[in-house]
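Paired with chain B in one complex and with chain C in the other, chain A is shared by the two complexes that follow.
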Partner chain A sequence: MERAETSPSLKARDYKSGLKPVWCPGCGDFSVLQAVTKALAELALAPEDVALVSGIGCSSRLPAYLDVYGFHAVHGRALPVATGLKISRPELTVLAAGGDGDGFSIGGNHFMHACRRNVDMTYIVMDNQVYGMTKGQASPTTDPEWDKSKLTPDGTQISAYYPLVIALASGANFIARASSSDPNGAAKVIVDAIRHPGFSFVHMLSPCVTFRPEQRLWKKSVHPAPVAATKDPAVAARRLMTDDNFYLGTLYEGSRKPYQPELIASVDLPSELEAGFLL
Partner chain B sequence: MSAILIASVEELFAHALTMLSDAGECYEQLADQMEIANNPEVSKIFRWLAEKQQQRTRYIEALAGDAQLPHISPWDHHWEHGLNPQAPDTDVTHYMMTPYHALAMAAAAERSAAAYFKQLTDADAQADLCRLAAEFSATAADFAVVLEQRLSEQPAPEQDWDKDHDPPVVLE
Partner chain C sequence: MTLPGMPGGQYTADGLEHNPLGNPSSRAEDHSAQLEKRKRKLEQFEYGDHWASIEGSGETAVITWGSSCGPVREALALMAAEGIPTRLVAIRLLLPIQPERLASALKGVKRVLVVEQSHGAQFHLYLRAHYDLPGEVKSLAIPGPLMIRPDAVYHRLTHWEES
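Here is the complex of A and B:
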């Protein structure tokens, strides 16, 4: 990709690749794609200055549909790849994206440590509470009573993972929730997340209309959070105690300094590189 | 509805252009979805709708001429619940949807756009703004009539139109 001499005024559609998405008709991820392109246009970012890293799953196909640098990583490993990229190329705007299974199960440990490490990037998790690409198994965020999968005919019977709590407890510097039913509102959240220094986590409600058709009704359940974002993690934690999973908007805007080691020209041994990541 | 906050002709042009171009992109995307889902009949309708919206976008761009239109962030437009009144409600999008669903979806969106512009003509706004809003409202209403006419030529979908005899099933 050649670097533009000047930063032209791009419209949202200019950030889309020519590839047609293969998501199921009605999938929430279409709106998330729209929200991401609107956010990039609003920030007037040159496509060659943006990189999107994803894991595996339906939503992780996102980089293919964008005309920015993309990397379709292995399952659950979007965050370590994105971390390495941002640290080695700090001038890039780095986004990571994926689904709830990819991010909270296979990549669950990476999620906690990415929050804790606080590298300046934005992680968008499209949560539909199911593994869609592998045809409908319960994921970490699935309700314990969901019994539609033959693998869990009595439901999972275990508590659902609560990503906002984990993000806050692990040290994410920006935490918000958006919904694919409101792509313009989601674009605003993504803009704010990218602008905020440090690790930003966007919990994106994005229905799976094929294996969780009841999620089409989510658009009637979502509602704006009644209060503005807080900079106090203790206040954010208290608010999460009454969160109904459908509050939209920014919950927390922290002020921790992002982790960005000094760049070194070259290393002789991998251990020298690894030493820079030790916290 | 907060549309009465539109205070100038330039702002109205900006809103109308976003409404049409977003709706056009949405129809284009729906056409692609139906093409991928091997539903060519509905894909063709969505493609036609996208072209119509693009034609109207070009018309309004010409009408605006050299006017300096304000930049409005996607979330700052003055429409209800932050949702573009001209964008189709994609709730019924389904790989087995019929032309009836597609046309009904588009007709509802045009009626919604007509109502949106109509309220500007009712407001105590500038005369040229009211006149332009009335034109936009009439155009949307006229197109809704065209779509309703086409809709009336379509058979209503069967009750179990979305029943798939080879459905996607959860993995055993």
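Here is the complex of A and C:
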């Protein structure tokens, strides 16, 4: 991850592409975009040295709104693409982003193994406890009693998935929660996540104001964690037992060695890359 | 094209429909333009001889594809051992279609057997929809999971009139 921080003059807005987001007015993802650009400016990263890979969903539309190298991949597959990119181009700062459906339903297995593999990158999941893009179905993080989708008129009645618990159990090296209601705090968490070696997971609370309008109140429910991050996974696990899902800040900073296989071949020019596809 | 790390070349490779700049777009014009572009890319790509494996000669040809090529080859070896030359056209490129190439591969052919591992003879119907196959055309379609056996192909070729 040790990348030259070379662009001191760039402001947060310089990392935006200028494309107007399609999100609903009030969607939490606007503030996440804000937080990511603030973090990149704080780290003074050259935009060309940053790559953002996403899956599919409202939240996964993030890459086109940033002026970095972006890849809008297939549903649930942001992490394998980002993993491949990072291990073949370790000098890049690689970010992956997406939603709770993308990352924990269809991409759930990738999430677990990305934590375990511990490649040096940062994964931001914008959790709104719903499939926003497909008009409001329950996701793994949805409360079992939530009955506002026609698909689950009595709620899912299946207990919710706890991303931080899974991340810790699977071996993520950095685990934090942030909220779109506090873009500055979220930016700080993203900075720390990017700086920390290995797989960093940022659980980003980001309301879907259209299908979960009650989430507008999340900004009143969130509160900073009363204790500093721990380096001890056992302590982190105990803290998670009393987590109310609204504690913000960094929970865990591990010291596992990131996975980075030895590079076998590299391509410097696009023409060399294209040549590989010729018959 | 630029690669990550090249200054000023940042873009998003978007899986959604996009405009020529790569920005997501739901406009009908952009969609049509990109469909045409993708079609052009596929059609103008030079596939060379890789579009099919063409082996042997004779007035009977077997057209097949994929995993059925192996047993068909074995069947044609049996035929050759008996002095009955038979052609193999094992198509690798299903789309875009290659009408001139297939016509030249089948020049002088009077009988065509289309061999495929399927229940509905989809490959046969696909070929009939897109190509003018010469002479008498028959289909040997056998569903999985058991592999097509060389003797099934051999039997069909040597008992042509029975099927």
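Annotations for the structure displayed:
Following the convention adopted for this analysis, the second predicted complex is superposed on the first by the 257 of 279 C-alpha atoms of A that agree within 3 Å, B and C clash if a C-alpha of one lies under 4 Å from a C-alpha of the other, contacts with A are read in each partner's own complex, and residues count from 1 in each chain.
Everything below uses one rule, namely that a residue touches a chain if its C-beta (ideal position, glycine included) is under 8 Å from a C-beta of that chain, and two chains touch if they have at least 3 such contacts.
Model, not experiment: these values are computed from the prediction.
In the superposed model, A:211 lies in contact with chain B only, and not with chain C.
Once the two complexes are overlaid on the shared chain, A:48 sits against chain C while remaining clear of chain B. Once the two complexes are overlaid on the shared chain, A:136 sits against chain B while remaining clear of chain C.
In the superposed pair of complexes, A:91 makes contact with chain C only, with no contact to chain B.
Once the two complexes are laid over each other on the shared chain, residue contacts for A:25 go to chain B alone; chain C is not touched.
In the superposition on chain A, A:74 makes contact with chain C only, not with chain B.
Judged by the document's definition of touching, chain A residues 22 lie at the interface with chain B and also at the interface with chain C. Taken in their complex, chain A has these residues touching chain C: 17, 19, 22, 46-49, 51, 56, 61, 63-64, 66-74, 85, 89, 91-92, 267, 269-270, 273-274, 279. On the side of chain C, the complex with chain A involves touching residues 1-16, 22-24, 46-48, 50. Residue ranges of chain B in contact with chain A, taken from their complex: 25, 29-30, 32-37, 73-75, 77, 81-84, 90-91, 93-95, 97, 168-172.
The touching residues of chain A, counted against chain B in their complex, run 12-13, 20-26, 30, 34, 38, 42, 134-137, 148-151, 182-185, 187-188, 209-211, 216, 219.
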